[in-house]
């Protein structure tokens, strides 16, 4: 029986989204099914008037040609769009939160959607579960740069981010060494330190600070001092966005100068300046980690996820998320993916590897 | 108790060897142990007179500094060196095969080696097993560009090769399309088609030919013709070195012109020229796949393998190979790794993905 | 007065063609002019029936969006299309050469073309001159991977090719050193050795062989031997496609084994095998040099050339080729560009640099 | 007659420094001369006690092996070291400026230096001129990421920086488009906008702000609004570090919120937020632009400069700076290089190209 699939991409973008869209479209077309893409999360059906056309894009082999190696998402995305908890702007400029999910379901019916393929992070998977509860079958595809989603060993976009951050560390090494500086590089990772840990090991950082291991700034300074004493008068520090000093950041925020500082990278730098003689500079990779062409590995993973989502639908395996359980792709109940965040286990072999290489983890 | 580790790298080189050497050295140093590297497989102890110094390199944090991102191996390698089956040149120029393993054992004793870390493919793992039988404890580290070694989901160097080949496919796409050509790209993979399959999917090849699936050249030509008919007058064909037509290559080798042709890529091209109107050109990536700086993923994997080898020694977990069983590194008895080659399973989800995307696999 | 510009891309493709097309289109649109692209050289107007539509593409800001960083040409290209010397297939399968330029002129009139922007190499510039003689004003934009066109210091695509070849040399270095091999890499350059010289210096090749300097194979072997003697038992040889041994290749072609060999790279390798103890391997970059995304420098150059072509038309500066005369773009009469090929001057500072670095140039 | 050359690298590091050092060393060795490198600008002879050894490095083919593709400088660098104007720390912690150039000259004599090769920017060239006046012959090699040095069309490191920044723009494009954001990217260029202009054109930025053209923030906002109205609801803005609004930054610095902002990129973003509905995000490339492996073009240029410096010495062509005057390397009197900064000419064809492409330059 022919089916009509809707695809949505939600949350921050990640390299590989377009490859997933292409794979779903081609695998569906092969089965004689139809595909549409909803623009900007759910906005395309909530606010079709905001878009040219009707808020959706007909997805065919022609419309998904040549997109697999591009970053971003041809559907657009938004951080606003939880229809169960939707931010509505009132006339007086204030905002209220409403449950407008009925309009989403109605939109799916208007577009004669049989199944929703929801590509996103834990927010999107949570919404997907609620949409499923309202009677629209859903298959989720995991997406997070941070790799902190349960139910899958890896998410697409993560390898691209680690690859970019590792290259950045290489660049900082040469300039740090020439100038005898400490370079502090901040990377994404609010809750989990996967990017920091992987790029830090691959790029031979001297210090890696993760949300999972509260750090002692004096230990960090001691590592820099130890290197100085061995005539390696430069050091590279990688800090995950969500890393925290033991006891929290409050005690470092009391002087006016430091208070104004934005990220944890700046704070670590400022504190190091008080403790080591080297010049200390910071770099924040920010949005550069999100963009760009996916690595070959992320393209492959995206294609596998997209094709597996269509096979799940064919096999009537619904209200699951596809995930990677090497060497194969498997299916996980949606709620298993969202009940917690996948943190870096403190005893995993990558952490042990970092310690074996002599890297300071701040503890 | 302090230990003295010898490291050897055997067989074709792969990006990541130096990162393994660095990880073993740093992890050993951290434990107060010593490390030496044997030059050119086992030649450094079999023929020390061929080298400056004594055929080994003292490995310290200083000697392994800055090598992790470099390709090749600082120890050198050789394809000659199975000491149980050693090719010896006689005075008359002929060669004889001898078992000179006793000299290897003697060499290890001369250098006071407690444990050997053998980095190599299935040949090296087989030798490692025999060395272990003779009383030198061994820990193996898997290395093969082709990813066809059992006991590990992935080998370092493989991601780098796939990444390079995928990039090459992108380059060929633009020129193939501009000139309406068929481009045939041959990649490594004598027994297993992992590189071809992964780069072929990631790089959106139209045809992927693997050793695991004997191909019908007429099916390949039909795919090209189908694309021509849809006004996509170019096609990209990826061929693994060990791909074979149904019935073998013999029947294609009867005309003088074709007989002289070297690789399977040339043969596929020649046969396609007889069947499709497009110009057909070939590219063979060859040694370019082996060289170069490892990807961030391969660096991380190499570091994890090297550190895990040292932990195995510390835990007295000997005569094993380290391997990747995501998300963790594990240890596998040496003989399990060598009793067969890890082929691409015909029903794995990557094969299904290729089919779902409409790729022709020649069958 | 509004104008209608036709763009054609002829000969082998080169990274940057699409950026030129985009620049011409945007600069023309800005002036209120119109642009069309002729498909596949002149075939779009000679054989419109071979194409969907009428053999041309309306070029607008929308149709040229997002193409600047892509390789190839959205117009397609062909090596067949000199309309003054056109290969026509007869009914019996034989081919005759005809002057069908009148049909080109007629085609331009049918499409109401005021000016032709011809992007191509010396073949295309020659045709452009003849088209100009027949009354269609022309502005040429130089395109050759080989950089051997007079009237411009640099052509787009050249930097991309050199960059790719230099990266390839880096990869070969690590594997050559690990295996103590001689690697011979053949690159494009039938008449001029610019690619070989630039990548050879940038990539620290030990030997660089150019069409401009006939080489003595014994000098090449001597360089390899000298390195072997200094315990650098590997060497990297770059050979331009058009390099020739002193006295020509004839004397090397007498043994059956060598006779069958294709390119000059294979011949150099075969002759070296007779003269040095190292294993010798070859790599031919071939079409990989043509494809791919242009470097930032080639993108900038392409944009500058495309915009300058439109300014030339606006200033009524016709029947010229745009060219780079650093720091500025200038205009050159078409016939000055085609009367000779731009060879590497034997006394230029790059040649001196290669010699100063100790590189063997085969003489 | 044999000569002894000293090399110094001063100021911020730039990709290509090591290739210059290698070229000077090899070209000198070829002539039977000797080379030493002074560590950290002039500190190696001013404060030899701060270093292991005597503050210099003997430079031989062995010590410069494998460094050409690495970023940074093996000699180290410093921003402190103008010996004619040297910052000395007093016992009470205050600093005084002294002329300690006599100690430099004395150092050169102690090391029996015949000629100094000074690699640096306009600061270093000024010092070089003064050193020459004191009797030590000098050849300068231009180095500045910013490309703002007179006497040369291009400096090494510049192409690498532009290449990196262009790649970053590509990454920002995909994420900006997916999220309908304005991305403001700040790049180096305090006095001259070469990096911003070149990467901005190559990377298809919508707005490019240079020090040479004071900008009107309302014009920038109008460009964003124009794109929004055409359903291109994202924009990319490149800002050179030294760009300034018409009338200076003072008027924007009056609110506390904005006052705290660091760079001009943040200021542009803040002002845009007041004027356009899009989310606005900033990225500052900072030190990432300095580091990393030089592009093939920068390696070639560095090699050419280094070799030319040695030829200048051989030809007794002293107290000059080598520079690029395509297609050749030439020599320029030192004082010609430092009397002014090379700004982007307002009527150059690159500026015209940007305007032809529809880019807003803020005016």
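A few remarks follow.
Note that the chains are named A, B, C and D in the order they appear, and that numbering of residues resets to 1 at the start of each chain.
Going forward, a residue touches a chain if its C-beta (ideal position, glycine included) is under 8 Å from a C-beta of that chain, and two chains touch if they have at least 3 such contacts.
Since we're looking at a predicted model, the values are computed, not measured.
Chains that touch both chain C and chain D are absent from this assembly.
When the partners of chain B are compared with those of chain C, no chain appears in both lists. In this assembly, the C-alpha centroid of chain A lies 32 Å from the C-alpha centroid of chain B. A separation of 41 Å divides the Cα centre of chain A from that of chain C.
With centres taken as mean Cα positions, chain D sits 34 Å from chain A.
Shown for chain C are the residues that touch two or more other chains, namely 167, 170. By the touch criterion given at the top, residues 23, 26-27, 30, 68-69, 153, 159, 162-163, 165-167, 170, 198-199, 201-204, 295-297, 299-300, 303-304, 307-308, 310-311, 326-329, 348-350, 352-353, 356-358 of chain D touch chain C in their complex.
On the side of chain C, the complex with chain B involves touching residues 9, 12-13, 15, 17, 40, 52, 70-73, 76-79, 164, 167-168, 170-175, 177-180, 183, 231, 260, 281, 283-284, 286-288, 290-293.
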